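Provided herewith is a single structure, encoded as structure tokens, for subsequent inquiry.
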Amino acid sequence: MQTALQKAIELILSGDRELANILLVTARTCVSSSLISLLIGVPIGIWLGTGRFRGRQALVVIFRTLMGMPPVVCGLLMYMLFSGVGPFRRFKLLFTVTIMIIAQVVLITPLVIANLETYVSSVADTVRETARGLGFGRWKTLLLLSNECIYPIFSTYLLAFARSIAEVGAVSMVGGAIAWKTNVMTTAIMLYTNRGDFTLGIALGIILIAISLLVNIAVTVMQRRLSR
Amino acid sequence: MKLASCSKTYGRRTVLRCPALDFAPGRICALAGPNGSGKSTYARLAAGVLTPDGGGRVADETGVIRYMPQKSFPFRMSVEDNIRLFGGDEQRAEELMKALGLGGLRRQRARSLSGGETARMSLARVLMQPCDLLILDEPTAAMDMESAIAAEKLVDDYRKECGCAVLLVTHDLSQARRMADEALFFYQGELWESGAAETVLYRPEKEETRRFLEFYGGR
Amino acid sequence: MKKTLALLLTLVLILGLLAGCGSSGSSPAPASSETPAASEPPASPAAPETPAASEAPAASESPAAPAESETPAASESPAAPSEEPEPAGVNTVILKEADDKMINTYTLLAVNPDAPFVDADGNPVSDVAVNTAGAEALIDWFLSAEGKKLAADYGQAEYGDSLFYLLDGAPVYEGEITPATDETGTIRLSTTTSVNDSGLLGALLPVFESEYGYKVEIQSAGTGKAIAAAKYGNADLILVHSKSQEETFVADGFATVLPGFESERLSFLYNYFVLCGPADDPAGVKDCASVLDAFAAIADGKYPFISRGDGSGTHTKELSLWPEALGITAEADSFADYTDWYVSANAGMGSCLVMAEQMGAYILTDKATFLTFQANNGVM
């Protein structure tokens, strides 16, 4: 009997085709969903953080609440919407990678928004005062503010990616963990665990953590460079 | 440079009420008063970064205003880039950096500066271009004596060069006395006393002003 | 620099811990003598030698496992493993099988495209996309001579015993099987965990796929969930093993009769449910006359029992075997009084088997999954 670590290393070295497919699907899902969330969430976060309009506070509360939405609930919602009897059935998206990405975007975007809003609202007033005092208009002020957000955007991305790659409730619900198609690291771990094969589950877990670590190191290095 | 009368209310608390004021070109007007008297609020209203009760603007649209807030923000870039934001004149920046002793810090990240250095950088930044009204909110509060004197001289030169009016918010009485031609004294959100600097800052008419002056070691 | 070091240290610690957890099962042969502690030094300081290692040689390899403190062989009777011919390490054995009550029949049902589908609010939905042609092809193949032979032979190579048997009088298909077209190429099969986890579908479907050009997408869940997926229009056919639930499914109009067959329910495979438990069998179920007596004996003695508790076919079967006086049903309050011995796990078969192994509990399982579990050495 091998240790999980040996098994993990063996799995990687063996070039197992199913593992490669799982990794590929995982990468596609997580990278797409975290990037799309960032693309949607960052502008909204900056807008919310700088905006002064009625209902801003309410929106912030809503997004902070959504941030805590359990993944399964999000998955269930998407499942019902895109199910064979759901209102969006004609898109035929259930059990595809696309719907997994959509579900994760729904799940992660509030996190991005709330995170960025917190940072932006903490500096927005001083930045605005300083920029206006120097005679800059709206656009230049926004440009300066965005420039300030580089660092938090990176850390927010890390958070989004981490949540996305670690998330299992939503993807298993809408993806169905179908082999060769929508099975990602977390759902594969769940499947193996259900079969009682804990070692393989842990081996996959080790790979998952290693990937997370690599991404973290890469992003941290980039963050260091850009935040100078 | 004319500023309309204005007031600012937060909730039910009126923090400032001020009549219309006129700032003459080429003159420095000190704005003094204890904490919470509404000095900074007035500076922000005048600079247009704060909207007065009832909306609109306090200053008329035609004049160019430059304003340095009490906590001026060091942007995430080098000191030189901070001063020359969006492509400011290189020579002017050079002069200012030299005058404020920032030459050696030009490549430093602005975020890594000390409080006094940040204040010097912010002052240089606001003096890059000529204007009609320069509003400085406690510009030298974080600086050491030497830098403060250099800063005062720089502001004085600047106003002579472009003939602008200067509104200097300060609670450093000796600085006000050194620089100001006119003075305003704010007390509990009201303009308590105004006039020539010799009067307001040396022989005030009102009791509260006198107490303030005494507290700060005046005559 | 310090940060990097701290980061690395944390990683090594995590890996060490995981490696430790992963190897907590006991080892069958002395051949794999290198312990994780040797290959992963950071794990060792947290894990002192387990006392069990010195007493029971069979369980000597349960080393650096700080998180999991399970030492199965030591806590159960030490004599049992040596008597059993099974590979060492698994203490759970089959105690009761081949009882008529324990037959586990697998049934194929094609989803009716014109079924009375309703959405979440109960409004009827008419245009549900169901790939009936694909479902028909797959069912035809399952019931063809080739499909049946493959299914019946499955397990011979690996376990020396068939895991599934062909049902006498199962429907037969002898006609042509329609190959895939662009529209019918993807078949959604919703099935129970046992057929999937036992590896049956993994062995059969690639043959079908390569021969006829289809792509079969398997979702595996308990029978209850598998049927629910079909009712929501997310499956083209189901392969399940719970007669009562199948009959309701048919009665509700969700299944269709395929051309060439007489019934919606096409039962073709079976195997046995088996009652498993610790080798020393404290409840004495081995000597019980019938499986019903065995369940009564477990309940009488309040010996720990793991229930799937997830609405699966296995769960449904188990519920039917308890003495009626106990009144155990799928509802949680029906067994609220028995929680000192009746464990409702709400988990897959494999997880439940692991749990039973750890707790020395009795459990009802399909034979296929148990044999896989045993062949994997109770993995884990």
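We just call them A, B and C in the order they show up, numbering each chain from 1.
As a convention for this text, a residue touches a chain if its C-beta (ideal position, glycine included) is under 8 Å from a C-beta of that chain, and two chains touch if they have at least 3 such contacts.
Because the structure is predicted, anything quoted here is derived from the model rather than measured.
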item	value
Chain nearest the overall C-alpha centroid of the shown protein atoms	A
Centroid-based (C-alpha) most distant chain relative to chain C	B
Centroid spacing, where centroids are CA-atom means, of chain A and chain B in whole angstrom	46
CA centroid of chain A to CA centroid of chain C, Å	32
Intercentroid distance (Cα basis), chain C paired with chain B, Å	77
Per-residue multi-chain contacts in chain A, two or more chains	none
Residue ranges of chain A in contact with chain C within the complex	1-7, 79-80, 83-87, 89-90, 92, 94-95, 176-179, 181, 193-200, 202-203, 205-206, 209, 213, 217
Touch list for chain B against partner chain A, complex	44, 47-49, 64-69, 71-73, 75-77, 85-86, 109, 122, 125-126, 128-129, 131, 135
List of chain A residues in touch with chain B within their complex	123, 126-136, 140, 144, 147-148, 150-151, 227-228
Residues of chain C touching chain A in the complex	7, 11, 14-15, 18-23, 25-28, 32, 36, 39-40, 61, 89, 117-120, 125, 127-130, 188, 193, 197, 217-219, 232-234, 347-351, 353-354, 372-373, 376-380
